[in-house]
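Have a look at these structures, which come just after this line.
You will see two complexes here that share subunit A, one where it goes with subunit B and one where it goes with subunit C.
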Partner chain A sequence: MSAPKKLTKQSLIVAIAELRSFVEEFDIDDAEDVQLRTDALISALIDAGLLSGKKNVRKVRLNVAIEGLTIKVPGREKLVVKAEMFCDLTNSYGGEPPQSDMEDAKSELEEIAEVLLPVLEKKLQNL
Partner chain B sequence: MKQDSAELLKVAKRYADRDRVPLDQILSSASEVVFFGSRAAKVNSCSSDLDILCIGSGQRHKSAHLDIVWKSQHESESANWFSSELAGHVGAYGVWLIGKGSWCSSIHAGETAARQKERRIKALSVGLQTYWQRLHPDFQHKYLVMIRREIQRLDILRQGIAIPPTPQLDEYWTSHRASDDRLADTISCLGMPELITHKTRLFAILSDLNISRGSLLSR
Partner chain C sequence: MNGEYRILQDKLDKIGAFRFTIRGWSITLVVASIFGAATAKLPTYYGLLGLIFILLTFFLMELAQKRHGHTFSRRLAKLERRIWGLLRTASSDSEVFEGGMIPRIAHEIEDERKARWKLMNWLDSHGYWFFYGVQAVLIVVVVLLLERTTEFSMPDKDTTVNFVTNGETRPTAERDIPASQKTKKTQKTH
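Now for the complex of A and B:
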């Protein structure tokens, strides 16, 4: 990955929209959509310059992304554990996680967004 | 050729220590423990993770080094399990640490697994086109390779063969890509016209996205 990009208002708006729509449109019956949206969210955070440099973006999971956020996140450690749980629940062998796991994953994501959205919005206001 | 279970246990202990996972506790609470994937089949690279299937009650653990999958006793005795992709793979390539895998005689290559694989390929292909512009180039590449591997797996499932470890899929793809039309047939069976717009099989999947065939080869 190249050097972190400079944080811009537009890229931050995109990252916020990505997280918000992910939560609002989370489909427990569509594991592939969730998988793609997770990586789209990480991509938006990278594009906004909110992640410290990673050599191999392909292997960056949501928990690693939250751990590497370059902004202050309250209770980050707890959030990283939640994101790790989210990744485990949504990635099963063969790509067919049971519905109960997807429901749990949705709850984890909602709790992550509850903390992360205000942080990103505050950052946006201060730009 | 399979790896020795004692060697795999050493690797498991090393990775469990690194991830702070209580391996002894896991081993004592599972009625069966089976290593599978590329390390069990001795086709791993040094960066490959170690896959472990445990029968019993426990929590999934996945990291860059270690992937511990749990199936309950009830699940492991169900018809769904016997016809699943994972059961087929473990039955053929698994190395047992605890238990004997007596259920392996009940494994049958299932149409269910093939149908699920078909559904997944379609969902990934459609989804990738939707999210393409929003994905980092490294993620774009990850999904291209993922779809290629899933199509290979579908082809193998339809032949009633156990799914080999991923490095073997990649090796096969690299060595046969010029002459093998099987994947083209597999893609055409998916009934997605947008996937077969070119003469050359899998590359057609993402022709709309201007992806070169070379991008499907690297891992």
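Now for the complex of A and C:
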């Protein structure tokens, strides 16, 4: 458990870069890497102070992170559903996810980033 | 596929019940044997060490069940993914199947495991080592204690233990009375 951090320009830039590179470098053949990148994105959002309340980092999935974002996100509920879908599609417990699932996951992530990136960039400009 | 999913769930339930039962047997056997041996005042208690082999058998049985449980859990996770995939294909326009995996029992348990501290997971998955280890140590300690107690309480064959009655000291057993005195006593009675 860690207290919510203060929002800084530098940490917000890092979070934006993390999300952008995640979408660009998404590897549909490597579910483990995708899971690591997801955790890195959640960590970047926490470090940027964008998550409300005290969060146990281990328990935060992408949908929980989006649900708890302190900034105003349009259509948050739909994004949460998409993020939950994304997490399950890339989950490799019980075996590697099929390529079709990874492709679906990629499109889900792209849709999430499409909404989140402008919101984060707007926040950066206002800082 | 649905049938296999249910069978696996049933198997996992049975594995849990079986592990609980053999742990119960193990505790009952160890405690009953220790109490029984302690009250029976046996000439030697080293025979109790044989319980460790029975414990080892229980341990191996539990290990096998745990291995099976792990395999079944992974198979459940695979089935969950396949069932979910089929549901998504069959009703892609339905919002019911867009929120995440359905069914999601095995994945949920795995997520919970991942969220916990590593030490907790280790203790959780290696609890049976501790359970049987403690019992084995208990058996050894009890055997040593009982043997030690026996050594202190059993008098040496050559030692005469006397007790005092009406100011006169007498040996405890007839075998301890010197032969000369025995003769005297016999003479007096005649």
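The definition used in the following text is that the second predicted complex is superposed on the first by the 123 of 127 C-alpha atoms of A that agree within 3 Å, B and C clash if a C-alpha of one lies under 4 Å from a C-alpha of the other, contacts with A are read in each partner's own complex, and residues count from 1 in each chain.
Please note the rule applied: a residue touches a chain if its C-beta (ideal position, glycine included) is under 8 Å from a C-beta of that chain, and two chains touch if they have at least 3 such contacts.
Remember, predicted model here, so these are calculated numbers, not experimental data.
J.: Clash or fit: what happens to subunit B and subunit C when subunit A is overlaid?
T.: Clash.
J.: Regarding the shared-chain residue A:58, is it in contact with subunit B (first), subunit C (second), both, or neither?
T.: A:58: touches subunit B and subunit C.
J.: Which partner chains sit in contact with A:81 here, subunit B, subunit C, both or neither? Use first/second/both/neither.
T.: second
J.: Which partner does A:18 contact after superposing on A: first (subunit B), second (subunit C), both, neither?
T.: first
J.: Where does A:40 make contact in the superposed view: on subunit B (first), on subunit C (second), on both, or on neither?
T.: First partner only, subunit B.
J.: Using the superposition on chain A described above, determine whether A:32 touches subunit B (first), subunit C (second), both, or neither.
T.: After superposition on chain A, A:32 lies in contact with subunit B alone.
J.: Looking only at contacts as defined up top, I'd like to know whether subunit B or subunit C touches more of subunit A.
T.: Of subunit B and subunit C, the partner in contact with more residues of subunit A is B.
J.: Thinking of the overlay built on chain A, is A:94 touched by subunit B (first), by subunit C (second), by both, or by neither?
T.: both
J.: Touch check for A:125: first (subunit B), second (subunit C), both, or neither?
T.: Neither partner.
J.: Of the listed segments of subunit C (96-104, 132-140 or 150-158), which one clashes with subunit B in the superposed model?
T.: Only 96-104 shows clashing C-alpha atoms.
J.: Which subunit A residues contact subunit B in one complex and subunit C in the other?
T.: On subunit A, the overlap between the subunit B and subunit C contacts is residues 56, 58-59, 87-88, 91, 93-95.
J.: Residue numbers of subunit B touching subunit A in their complex, please.
T.: The contact residues of subunit B facing subunit A are 60-62, 64, 67, 69, 84-86, 113, 116-117, 120, 123-124, 127-128, 130-131, 134-136, 138-139, 141-143, 150.
J.: In their complex, what parts of subunit A are in touch with subunit B?
T.: Of all residues in subunit A, those touching subunit B are 1, 18, 30-33, 36-37, 39-40, 42-44, 46-47, 56-59, 87-89, 91-96.
J.: Provide the residue numbers of subunit C that touch subunit A in the complex, in ascending order.
T.: Residues in contact with subunit A: 74-78, 80-81, 84-85, 98-101, 104, 106-107, 110-111, 114-117.
J.: Inside the complex, what are the residues of subunit A that reach subunit C?
T.: The touching residues are 56, 58-59, 61, 63, 81, 84-85, 87-88, 91, 93-95, 97-98, 101.
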